[in-house]
Amino acid sequence: MNRPMAAEPLLDVRDLSVEFDTRAGRLRAVDFVSWTLHRGRTLVILGESGSGKSVSTQAITGILDSPPGHVTGGQALFDGMDLLTLTERARRGVVGSRISLVFQDALSALNPVHTVGRQIAELYRVHRGTSRSDAMKRAAEMLDRVGIPGARGRVHDYPHQFSGGMRQRVMIAMALALGPEVLIADEPTTALDVTVQAQILELLAEIQADTDMGVVLITHDLAVAAEIADDLVVMYAGRVVESGATADVLGDPQHPYTQGLLQSVPSAERRGQDLPAIPGTPPDLMRLPSGCPFRPRCPHAHDRCVTERPALQPAPGELRFGACHLLDQPLSPEGAAR
Amino acid sequence: MTDDVILRAEGLVKHYGGGPALPWRRGRGAAVVRAVDGVGLELRRGQALGIVGESGCGKSTLLRLLCALERPTDGRLLFEGEDVARLRGAALKRWRRRVQVVFQDPYASLNPRLRVGEIIGEAFDVHPDVVPRAGRRARIAELLELVGLDARHADRYPHQFSGGQRQRIGIARGLALGPDVLLCDEPVSALDLSVQAQVVNLLLKLRRELGLALVFVSHDLGVVRHVCDDVTVMYLGKVAEQAPVDALYAVPGHPYTEALLSAEPSLDRIRDPHAPRRTRIVLAGDPPSPSAPPPGCRFHTRCPRAQDLCRDTEPLLTVWGQRAGACHFTDAMLAGSVD
Amino acid sequence: MSDTALATAATAAELEPVGEDSPRGAAVLRELLRKPRFVLSALAILVIALMAAFPRLFTATDPTVCDLKLSKGAPSAAHWFGYDIQGCDYYANVIYGARPSVLVSVSVCVVGFAVACVLGMLAGYFPGFVDSLVSRTADVLFALPGLVAMIVILQAFSSRSVWTIAFVIVLLGWPAGMRLMRSTVLSVRTREYVLASRALGAGAQHILRVHILPNSVAPLLAMTTLTVGAAVGTEAALTFLGIGLQPPTISWGLQIAIAASYRDDVHLFLFPALLLTITVMAFMITGDTVRDALDPKLKR
Amino acid sequence: MLRFALRRLLIMIPIAVIVTFLVYAMVFALPGDPIRALSGQKPLAESVIAAKRAYYHLNDPLFVQYLHFMGNLLKGDLGQTFDGQDIGEQLALRWPVTLQLGLTALAIQLVLGLVSGVYAGWRRDGLVDRALLGATLGVLAVPGLVAMFFAQSFFAVELSWFPVSGATDGWPGSYLLPATVLGVLGFAGLARVTRTSIAEVASADFVRTARAKGLAPNRILWGHVLRNAMLPVITYIGLDLAGILGGAIITEGIYNLNGIGQFMFRSIAMKEGGVVVTLSTVLLLGYMLVNLVVDLLYGLLDPRVRHV
Amino acid sequence: SGAGSGDGAGKDDGHSMAIATAAEVPYLNPSNDNGTTGIQIESALWAPLTRVDAKTGKLVNVVADSVTSKDAKTWTIKIKPGWKFTNGEKLTAKSFVDTWNYTAYAPHAFANNGAFQRVEGYEDLNPAKGKPKATTLSGLKVVDDLTFTVTLKGAFSPYPTTLSYLGVAALSAETLKDPDQFKHKPIGYGAYKLDGGWKAGQPVRLMRNKDYAGKDAPQADHITFRFFSNPETAYNEFLAGNVDYVAVPSSKIDSYKTDAPGKWSQAKAAAGINYLNLPVTLKPYTDTRVRRALSLALDRDSLAKLKPGNFPATSFTAPSVDGHRENTCSDCRLDVARAKKLLREAGGFPGKLRLFFASDNPGEQVYAEALGNMWRQKLGLKIQYVGKPGAEIGPLANAGKLDGIRIMGWGHDYPALEDYLTPMFASYGDVNTGRYRDAKVDRMLGEANAQVDQAQATRDYQAIEDRIAEQMPVLPLSHSRDVYLHAEGVEPLNAPFANVDPVRSTFAD
C-alpha cells in the first residue's frame, strides 16, 4: 500500500477484447479490458459471475480454446513482449514458468490419470530438467507448503482421491512450483476453509515479499480482497467498470455496481433475513442493453445511460477510473451513502 | 421434536480402501483414508444445518453418504425413521426425489454433451410426474431465472458458462424436483456477492415457504451464519462440535472452532479501508493425514490447549444443553456462556 | 451413426425450442448440412442405397446377358466398365452387385453396432456377474476359429441369404466391439455427472442412454464405420469357402475377390473396388462428421 | 487386484474345457469326410479307409472321440494328422514363424496406427488426418491378396529389397516385407479408433492446464492426452494381438511361411479336430491372458477404473 | 549349368536346380503316396519297373528286365541285377513281393493299396468286413532272387504299363519293419538320394545317388524341391531367379509371356481330360438326347480360354496316351440349333439344372458360371449353382450323392487308354460317380483286357470309346497343356507322351 509504485509495470493489459462463436452468433465476453500489475503487488479482479474474469486471464496466457474463442484486440505487455502476439514456442518459455495460472475448476483442470505429484513434478522436469526423483521430491515439498497433510504419501494419489479444497491447493502448488514472476489465480481459495485460506494467503504474501512476484487474484470474497489487494479491478458484463487502489475503491465506490456488491455482504445483524441483492439478472452477453450494460439494474439510470455507453474515465482519487456517466455528476444521496 | 427429524445419520463411517494399482507400484500401500469416521447428525424439517471444517475433513464425503451415493463403511442413515440402505427400486427413486444434492465441482457434475436445459430437464425425465410434459420448458426457464441465469441459456452447453454460472446450473438442478432436503456442497463459493445474495435469499425463501431442509457445506462463515440454524464443525472425519449458530459464533466450544472463527477474514477493511491489516492466525503445525489420524484427540497436534490427556484419550462428543462438543475442555470453554 | 444423435435427441425432444435455437437434433442436422463433406458423403450413401434398391434406375442393361467371347473386354464408350470374365456388361453387373453388398455390410454395421453397444454398456456398467457373463462369452466366441464356426453355423441354415450371412458375421464379430465399448464405459461410469444423475434417482437404463452412451460411443462408432468394408470382404471370403452367396448372385465382394486372381485386367478389380471405397468413405465421413457435430466443444 | 487376476486366471480353466469341446464338436460337425478327402480324385480303397477311420477313432461317437483326444492331450501326446504329420513337431516348428510374423506386424501396425491416429485426432482435418483418411480408404479398397502380391512382385522381385518368400533369412529379413504389408493392411482400424478417442479427449480442460504449464504440444499430446484416450486404444491393441493368427493365414500362404495360420487352415479343411482344438485352446488362453492384461492396464492407465 | 540359385543349390559342382511345386508333402514313401507332388519327388528317389518312352509312347523297362505273360493273367517279372537301396540293401524280387504284400494289407492303410486290386488274393487282405484272412497276396510268388510272378484275378493285357506307376516300387526291408521311422528318411534306389536331413514342411534337397544302377540318370546333380502353397508365390520366386522351374498359375495366364520372355514353354503332352460328369441315372439325364443337347450348347473354344493352356477336347481320352484319336466325340462341337432340336425332342429340361463346383477354387466358380451362362442363354435352362468346398464335394461324389452336373478332371496313373475307360466308364470305375452302367462296355473292357496282342487290344479299346461316344455319359470339355517357366539353359523333359518332368531336365552346357 505504501510501497513506492514501481516505475515499470510487470504486466500491462490494454484494451483486451475476446469474442466467442456460438450457434446463435458471436458474443463478446471481454470488452476493452485494461489493467496494470506491478512487481510485488496484488491486483484483485472482482466482478460479476460471468463478467469475463476467467476468460480475460485465459486470453492473456494464450490458453483460450480457440476456436470458439478469439482475441479480437488489445495487448498484454510482459517484459517487453506482447503476450497476445507471441509465437506458440515463445509463449511456452513464458507461460508456465514466468507467468503461472491457477484454474478455477480444479477437478477438471487436473489430468485424471496422472498422480498429482507427477503433474507438479512435470514442471520441474520440463522447465528445469530436474531428475525424476528430485522433481518428485520437490513436488512433495510444494504440496506440503500448501498444507496438504501427509504430502509425501499423497504425491502418488490421483486427483479424484482428493477433496475439493485439496485439489485447489494442488493447482496452487503447481502454479507456485517454478517461482513465477506473475501468478494469476482464478478463485484459488473458494473451496478452502478459512484457516487453510489464511495459510495460503500467508504463503502468497511470503513469496511475494521474497521474490517480488506480482499476483492477479480473482475472487468474490470481498474480505479477502480487502485484506490482500493493493489494487482492485471491478468487472461487469465483460468490461472494467471501476479500478483503482483497494482503499479508494472499497472506501468510496464510484460505480453503482460496486456499491451494490458491497451492500450484499452478509452480516451478523441481518441473519436469516433476505440479503440486499442488486435487483434484476445479469445481462446476456448476446443481447446487451443499449448504452450502459448495467442500466437495467441501476438505481441511478437516466436518459444518457440508454443512449451512450460510458467509457472508462479517470475518477477522483489517485489513478482511479470508473465507467459511469454519473462520475462527472453528483450521485444521488442513497447511492453515495456508502 | 423427534418426529420432526427428517434425516438422521448414526455413526457414519467411510473409509477409502487403499491398495495400489499393482503390487509393485510405489506409494501408500494399503493405507486407508478415513474420510468420515463416525459422524452422527440430525436434520429437522425446515432446518438449515451448516457444516464447516477444514478442507479435506470429509464434508463432501459425508454429503455423498447422506444422499446414499456411496455406501457407508459403517453406520446407518435414517430418513423419516426408515433405513435408507434398505430402499430399493421405486422406493429409492421416490426417496431420491425428496433428497437432492448440489455438487461441489460444478463442471465435473454436468454432462458436457447435454445442453443446460436438458441437464435440468433430466430430473423431469426421471420423475415424469413432477411436471407435466407441456410445462417442462417453462419450468426449466423458471428454474434458470430463479438462480439468476437467462432462460435462453437453456440451449447452451456447460462449457460455455463461467464457473459461477455452472454452479448455479447445479443449484437449479438440485431444486428442480422440489426436494424436502437439499444437500449443498459449497453452493455459493464461486458466486459474486450479489448473485450469492440472490441464491441465499432463494434458499431462505424455499425454507420458509416450503419447509425445505438444508445441509449447507461452506467455508464462508458469514454465509453459514446467515443461512443456518445450527452448525456442525468437523475435523478430520469427526464431529468436533455441534451448536446453534449464534451460540457457536458467540462462544466456540472447541479449540478448532475457535481457531476457525479467528481466522475468518475480517470485513473491517471494507468498512474502513484504512484500518491496519490484521495479522492472520495460522494454526500451528501441519494438518494430520486422514490415513494416519493421531491417537487421542485428533486435534491435539495443533491445539493450543493440548495437554497430556489429549494425547492418549480421545474425547467423546458430549452434549451440553443445545450443543455438543468433542473436547476435554468444552466445559471449560463454555463455562462463560452456558448458564 | 445417428444412434447417438437419436439417443440424446430423445431427451431433447421434450424441450421445445428456446429462443431462436431449435431442438438439438434439428440443430445438429442443420449444422451438418452446412458441411460440404457431410452433404457429399450423405449423398453418396443415398445414391448407393438407391443403387441397391432400384438398380434399374442406373442401367438398362441386363447383367445376365453374357458372351464368353467378350470375356474381360476393356472399357469402351458403350460399355463403360468393360466386360467381366463371363463377357457380361460389367457396369450392369457392378450396379446389380450393390444390393447384396450393401445389405450385408449395412446390416452387419447397424446390428453389430447395436449389439456391441448394448452388451458393452452392460458389461462396463455392471461389473461383477453381468460383466463376467458377457466378457467370458465374448472370450469363447472370439477364440472359436472363425472359419470353422462360420462353416458349421452356415451349414445349419437350409438356405443361405444375405441375412444369414450378416447374422453369422455379427454373431462372431460382436466381441470386439463389445470390448471397445466396455473399455470406455468403464471410465465414463465413474464421472461425477453420472453420480449426479444417480442422485436424481435415475435408473440404470436412463443413465446408460443419456450419459454413458453419448460419452463413450465414439471409438465404437469409428470402428463400426470401418466394418462396412470388412463385411463385404468377409462376405466374399465366405463365398469362396462355399458357404456364402452362390452365383448367380453378384456382389462387389465376389467381383473383387475374383478379379484379385485376374490381376492383369485392372478394370475388373477397379470398378467394384471403387464403388466399395466410395461406400466405405461415405460411411466413415458421415460417422466422423456426426461425431464432430455431436461434440459440443468442437464448433467450427 | 491380485485376487482379481487370480480369479480371472482360474476361470480360464473351465472356459478352456468348454471351448475345447465346443471346437471339437464344431470340427466334428464340419461337412466332408477327411479320409476320403485325403485321396483327392483317386479314391482310396474302401479297406484302407476303414483302417484309417479305425486308427483315428473316427467311427466313435463325438464324445468318445473327444475323450480320446483329451486323454492323449493330457498325456502330452498330440498325435498325428490324417496325412501322417506329427502334430507336436509341426507346432514346435511353426509357432516361432507365426509369432515372429505376427509380432513384427503388430509392432509396425502399432507404430503406424498410433502415430497417425494420435496426430489425426489431435489436429482434425490436418494433413495427417487427411492422409490417414486416404490411406484407410486405400487399405480398405485393395484386397489383402492383391496388396501382398503387389508388394511381393514390386519390392522383392523388381527391386530385390527383400526375399520373395520363405523364412530362410530368419528374422528380420524374411519377415520384414510380409509383416509390413500385414501391418499396413491392419493399421487403419487402430488409427481410426485412436483418432476418435484422442479427439474425444483433446478438448478436455486439463489439456488447457497442460498448455498453461508451458508444455510443448507433443508432450501434451503423448503425455497427457494419449493416456486419457488409451482405454479404447489398448482394448483395440489387445483385440489385434489376439487376432494375429487370422491375418496370418493369407500372408503365410503368399510369403510361403510355414506358420500356424497355414496349418490351421489346412487342418480345418481336413477336419483335423485335434489340431484345431489345440490351436484354438492356445489361442483362447492367449486371448484371455491378453484381455486380462488389458483389463489390468485399464486400472493402471485410468485410476478411476479399478477392479478389486 | 542351371540358374541354380535356389535353396541349397549353392554348390558349384555340376548342375543344380530348384523346382517349385505345389502342396507340401508330409513324408516320402511311394507306397503310401498318391499325390502328384509326392510322386514327382519320389520318382527321383526311386525308379519304376517300367516306363513309357516319352518320345515314342512305347513301354520300356527300367528296373524290370522283362515282364512277360502267356495268358495276360500270370505275369513273370524279372528285374535287372545290380540295383541297390541307398542303405546298401540289394533290390531283389523279395523286396517287391514284401512291399506289395505290405501295401496291400488293409490295416497298414497305405494309400496305394488299390494298386493291387487285380492281384489274386487281394480280397483276403482287404475284406469288406472284419479282419483280413491273410497277410500276403496269394498271387505273388518269389521265383528266385531276381524273378517273381504275379497272378491276376483275370486277364489284363495292359498290366506291364501299370508297372510304370511308382506306387508299385519297392521299399527296403529296413523300412518295412517300421515305415514310420523312415517317413522323412526315404531309402530308395533312384537316381537321387536325400542331401542332408529333411523335415516336413521344409524344402527337400536331393543329390545324385552314385550307386544308381539305371541308365537313364537325369543330368542334374542337385535338385531342390521347394513347396509353395500359393502358386503365384512360386511364380514370383521364379521371376526373382530363385527357382528354375515353375508351372504358370492360372492368374498369370495373360502375362507370363511378357513376364518371362524366352523362358516359357508349353507342355507337348496333354495328359488328362476335363469333362462334365452327368448323373446319368437321374431324370432328365437318363435321356441321351438331353446329354447331347447339353454338349452341343457348349462353346468349348471360349471355355478353354478360361483355363491356361487348355484346348477343346474332341474325344474321351488324353492325347498323350498311345492309341488316342481325335474327334471321336461327334457332339463335342457348338451347334445350338441341333441342341435345341434334341432337347425339344426329349421334352425339354424340367426344373433346374444343378451345377456343382468346388467353391474354394475361384477358377472353378468362374468356369461353372460360364457353363451355366451358355446353357441358360442358349437353351433357356434354369441353372442352380451349388458351390461346396472341394473337400466336401469329392466324398459326396464318391458316395454317389450328387444330383447334378459336376466339373471333373482325370489324369491317368499309367499311360493307357484303359486307364481312362475303366475308371470313368466301367460300372465299377473309380471315378464313375455319375453311376454310368453299360453291360456292353463292361464286357468289352473285359475282352480288351484279356487281349494279349497289344495292337488288337488298342483297337478293342478304341471300339469301347466309340460306344461311349454314342451314349455321352460325360461331356468332354478340354485337355490341358501345362505352361511352365524354366530358367535359361534348363530344359525340362517335355515330350508328347509324358508329363513335363523338371527332374529329368537337360542343361544347356
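Each chain carries a letter (A, B, C, D and E) given by its place in the written order, and its residues are counted from 1.
Keep this in mind: contacts are C-beta pairs under 8 Å (C-beta built on N, C-alpha and C of every residue); 3 or more make two chains touch, one makes a residue touch a chain.
Predicted, not measured: the structure shown is a model, and the values here were computed from it.
Asks: Strictly by the touch rule at the top, which chains does chain C share as contacts with chain E?
Replies: In this structure, the chains that contact chain E and also chain C are D.
Asks: Count the C-beta contact pairs for B-C and for C-D, then tell me which is higher.
Replies: C-D
Asks: Quick one: report the Å distance separating chain A from chain C, using the average Cα coordinate of each chain.
Replies: Whole-Å distance between the two chain centres: 50.
Asks: Where the centres are mean C-alpha positions, what is the separation of chain C from chain D, in Å?
Replies: 23
Asks: Roughly how far is chain D from chain E, going centre to centre by Cα mean, in whole Å?
Replies: So the centre of chain D lies 39 Å away from the centre of chain E.
Asks: At least two partner chains per residue is the criterion; list those residues in chain D.
Replies: 31, 149, 203, 205, 302-304 - these are the residues of chain D that touch more than one other chain.
Asks: Mind pulling the residue numbers of chain A that touch at least two other chains?
Replies: Only 22-24, 65, 105, 107-108, 160-161 qualify.
Asks: Residues of chain B that contact two or more other chains, please.
Replies: Within chain B, residues 105, 107-108, 152, 155 contact more than one other chain.
Asks: Please give the residue numbers of chain C that touch chain D in the complex, ascending.
Replies: 127, 132, 135-136, 139-140, 142-149, 151-152, 155, 176, 179-180, 182-184, 186-187, 190, 218-223, 225-226, 229-230, 233, 256-257, 260-261, 263, 269, 273-274, 276-277, 280-281, 284-285, 288, 291-292, 295, 297-298
Asks: Please give the residue numbers of chain B that touch chain A in the complex, ascending.
Replies: 16, 20, 25-28, 31, 33, 52-61, 104-108, 145, 148-150, 152-153, 155-156, 160-166, 168, 185-186, 189-198, 200-201, 204-205, 219-223, 225-226, 245-246, 249, 259-260, 263-270, 272-274, 277-278, 280-283, 286-292
Asks: Provide the residue numbers of chain E that touch chain D in the complex, in ascending order.
Replies: Chain E residues touching chain D: 7, 24, 26-27, 32, 34-35, 106-111, 113-114, 117, 125-128, 183, 199-202, 226-230, 232-233, 236-237, 239-240, 242, 360, 388-392, 394-395, 398, 408-410, 413, 430-431.
Asks: If you look only at chain C, which of its residues touch chain B in the complex?
Replies: Interface residues on the chain C side: 8, 11-12, 14-16, 18-19, 21, 24, 191-193, 195-203, 206, 210-211, 214-215, 294-297.
Asks: Which of the residues in chain E come into contact with chain C in the complex?
Replies: Answer in residue numbers: 250-252, 254-255, 299, 302-303, 305-306, 358-360, 362-363, 365-366, 368-370, 372-374, 376-377, 383, 385-389, 392.
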